[in-house]
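Just below sit the structures, each encoded as structure tokens.
There are two complexes below, and they share subunit A, which is joined by subunit B in the first and by subunit C in the second.
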Partner chain A sequence: MRRALPDLLWTLLLAVAVALAPTVLRALFAQASVSYLSIAANAISLAILALSWDLLARTGQLSLAHAAFYGAGAYSAAILAKVSGLPLVLGLPLAALVAALLALGLGSVTLRLKGIYFAIATLAFTEVLKAVVQELPTGLAGGSAGLNVPPLFRPHFVPGVMQRWEIAFQRNEAYFYVYGGLLVLAVVVSIVTQRTRLRAAFTAVRTNEEVAAVMGVRPARAKLLAFVLSSALVGMLGALEAMRLGSVIPDGTFAISTTVFALVTPIFGGLYTTLGPILGAGVLSAVEETLRRTFAEGYLIGYGVVLVASILFMPRGIVGLFTRLARRRSAPSASDTEEAG
Partner chain B sequence: MLRVDGLQKRFGGLAAVQDLSFQVEAGEIFAIIGPNGAGKTTTLNMISGLLAPTAGRIELAGRDITEATSAERCHAGLGRAFQVVQPFPEMTVEENVMVGALYGKEGTPYAEARRRAEEALERSGLSALRAVPAEELTLLQEKRLEIARALATDPRVLLLDEVMAGLRPAEARLAVDLVREVRDRGVTVVFIEHVMPVVRDLADRVLVMDYGRPLASGSYRQVTADPRVVEAYLGRDDEEDEA
Partner chain C sequence: MDLTLLAQGLVSGVLAAGLYALVSVGLALAIGVIGVINFAHGEFFMIGAFLAYQLFVSLGFDPLLSLIFVAPALFVIGAVIYQTTIRYVLEAPELNQMLLTFGLSIVLQNLALVIWGGDPRSISGVPYRSVGYQIGGISIGLVPLGSFLISLVLVLALYAVLARSKLGRAMRAVAQNRIGASLVGLEVNRIYLVAFALSALLAGIGGVMIAVIQSPTPTVGFAFTLKAFAIVVLAGLGNIRGILWASLAVAVSESLVATLVPNGDALRNAVFFAIIFVVLVVRARRTA
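Let's turn to the complex of A and B:
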């Protein structure tokens, strides 16, 4: 409601950037743009994961169940493709629906749990869901071997008109647009919850649930809404990734690393903001890619060092660091006294 | 306006509150006093839905709210300011007040909430501090914010838990004026207080609690003349009334 214009402009800018990126990358890098698009899709995937986790964290629910909803979405799309002749793209809304319903269930049970207890319950949920998927009839979910998922896009090679690498480019370009579209959706959801009265409810519930309730906020409603929105987004991401990667498998699709990246990225970028998770995803993807190219072996150690150092030196993430610098520049004396006091 | 009937709260074997019944009329300023540990805050917590009573019944404007959630009680017209001030520290003063204004009554349009927040800020003298983060307020300002937030929910009954504690006498006088003004606008006030001159100046009626039970009730003069009340206070440490 407030400051709607800048938000609208930023969102439009993001949408335009997504729309233009493949063409620009192709013009600049030709064949190399194929892998750049793939890296960009990975970064966007991380941004969506981070934004959706942050959305939930804004109500104080520090979830370790992101891999569960990601996996539920991935398997929904995979099973839909296997058992029905429906268009594959319908796997995306189905994934959102399944993840949202699961979130409603889990969220209702964990409403009264706080902090570490909530975290453990959500972690356990991930393991239970993984086990359930593994035990489903093999004809349906493929057991521990998993399922193949047909690709969303199958570009055709046209001899004489296209070069070989252009097939891969077209494929990556198409996925890039869908990932970009999902990112824009996540950004819109994030901005809407930040700019409407929901922000007041979410922040109040996160800071002090009892006081929020005494002031008329319904904590259960706020927490469940955040849970449903967050899970629907990450469910769609899971489905999309399954289509891009071509398969789902319990151990990989319900991997704890998904949950870890979901929470590390917004913490690194700046919690409870729209920009933070996106910046975090951009920087972390770039760092990871650079390290991977420099040290083929053991690059994750370097990645870990960067994370630990950043959390030590930037407790409020990248966004917090910039906010602090900006404040110091505008009012040096005020911030000095604040720190002295 | 507010009716408490046979209220009881047990924590294990300990009865924090028992046999508590009282009634507060519309437009009244009603004080609950008593030595530390008498069960005053426990009583307020039960009224505002933060603690479930072991037994008893609570009515707000004729409606049974004993089983209602805190949010539902707020929507029904119950406002509460806490003893230990609990602003939302990451929010500005204005944002704090907006929480109450937006959610205090269901279906409040944004513009109406803005207007109510504005009014609450003005009445509690916080207009100039609206953009200040709540964590930077002084104690007096925090207490004002507690009241402003509660007022922004548009309450019919306002519960105040020791809002004068820690204030200097001059500050306490300002707070007393604020409470009176709130009442003059038709809000019923129930407050817990240790500072006796404040009770004397404000309260239409006083309920004295001791060991979780009602000990006496009546006007300030009546209860302070009651030998049982004097004994309850003098029998234990009661150095609170410094002003």
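Let's turn to the complex of A and C:
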């Protein structure tokens, strides 16, 4: 319980920051805040992607199927909007449900697969699911051309009261709150798994499944639980992104790059922590945005160099670097010998 | 009529399997001998394709001639990448290796994009590109046939090297037990370097062939990385002979679906990965 208080504090702080950010940005940058809000939403989206992937990785399951659950969520929301008159927002719980059920199915058949075998099986699942969605009746899922998705928010222009750019601001602000809310939810889920007995169960399963089973952990249950939680979160993210971007299309919505970013970001930030994936997402988003503005063409070369350098110079991510620096400050002699060895 | 179509599908599949096997054995070398999960493997393939394209456009080199230059170039590129990055993550967790090689892949892909642009590039001017043979209603292109034969020779040569030569024995020793190998006096790091450079070279030769068969773009490499990984895993890690069978199985199934099923060309990837998925899941269930 002693450690639960700071967690609560940090979560509240995050929630307050999300609640205040649009107002502060607007006061500081006026019209420019419109694009800042959209960049911030992208960064939060990356953070949710990364945190949900990390949640699964804590049980030792290196998934390459994140794009599958992202896509499943996006398509669930898109199809719901197309075939029913139900409110669009119901697409979010539906996306979570569909992704969770798929994860339960995939997770149960891949339970015995380890390491690279698990990774390739989940990658294969993504490619097959993409093809299945593409081959669904065109009237339902739009085939290879995809579907349009109606926006979640449609601000109205009030002449005389509002300026033109304020429509875009209101729209981005509304999305920002929903993205922020989903991030807070992901953080809460992550903290709960870190501060309860689940942490020990997840870690035990990751480090040695047989020993975990002997110690009374049920590896299958721990793995499936992580898979379902992780996928439900990323499924909702997929649905939300579909509404914000306005369309789904097999090649884009199930793109392997989604999976790559989901895995790269937590490694960059620091694996098996709540803070790591969020920090990683913040830093990588900032790096990408700066590079994009500095070099119009080929800016991704710099992005790749940052990734390569990060693994060579901080193998345990940003969080690992901080812990090492903090330890060095508190006990300089001890860590010096550690460095030498 | 249908029988001809079936035979055509089989033949095209067998011919395509050669290239798959060539790219996959290179990756298997990296995974099996060095133990590095290399997601940048397909980029060597892509670089090979674009070097061959450039040599053809600037100097008029026939792709077969350019092999003489591209193969050593890829060996050097592989060696440099190993020396500057890979060797620092040999002991690191798989995930670190994955991040590093994804980073390398992003760098190489975007370098190619800056140099050559995103449009498909092909070596369309070679005279033999359109040459083909008709045998009992089955058409066999000279280029797919040639690439199959070259791939087969290279894969068998690698197999022979691993089985017979001193270098091959050293590689197998290092793969089995790194510490033991260094205790008996093998220079482990140099063997790793050679193995990695060799794996880049094999992929690069495959790339030269794809530049004649298709019209590649800078993203062609990553697609092949994923397929090569799937084949290596299907064959079982460290099993070179298994790679031949795995490549054959997936390439023939892909090709049969593409020729026999209406609109089947779009299903190629789905069939490929469906097979991989089912085999992995079933095999895990049986061994448990």
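Assume the second predicted complex is superposed on the first by the 333 of 341 C-alpha atoms of A that agree within 3 Å, B and C clash if a C-alpha of one lies under 4 Å from a C-alpha of the other, contacts with A are read in each partner's own complex, and residues count from 1 in each chain.
Everything that follows uses one rule, which is that a contact is a pair of C-beta atoms (placed from the backbone, for glycine too) under 8 Å apart; a residue touches a chain by one contact, two chains touch by 3 or more.
Keep in mind that what you see is a predicted model, and the values were worked out from it rather than measured.
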Once the structures are superposed on A, label A:Leu312 by its partner contacts, choosing first (subunit B), second (subunit C), both or neither.
second
First (subunit B), second (subunit C), both or neither: which does A:Ala212 touch?
first
For A:Ile256, decide between first (touching subunit B), second (touching subunit C), both and neither.
second
Which holds for A:Ala201: it touches subunit B only (first), subunit C only (second), both, or neither?
first
Thinking of the overlay built on chain A, is A:Tyr175 touched by subunit B (first), by subunit C (second), by both, or by neither?
neither
Given the touch rule stated above, what does A:Leu300 touch, subunit B (first), subunit C (second), both, or neither?
second
Applying the document's definition of touch, where does A:Ile267 land relative to subunit B and subunit C: first, second, both, or neither?
second
Please give the residue numbers of subunit A that touch subunit B in the complex, ascending.
1, 197, 200-201, 203-204, 207-208, 210-219, 338
Touching subunit A in the complex: which residues of subunit C?
31, 37, 85, 88-89, 92, 94-96, 98-100, 102-111, 113-114, 222, 226, 229-230, 233, 237, 266-267, 269-270, 272-274, 276-277, 280-281, 284-285, 288
Touching residues on subunit B, where the partner in the complex is subunit A:
48-50, 69-71, 73-75, 80, 82, 86, 88-91, 95, 98-100, 102-106, 110, 113, 136, 149-150, 153
List the residues on subunit A that touch subunit C in their complex, please.
57, 62, 109-110, 112-113, 115-117, 120-121, 123-125, 127-128, 130-132, 134-135, 144, 256, 260, 263-264, 267-268, 271, 297-298, 300-301, 303-308, 310-312, 315
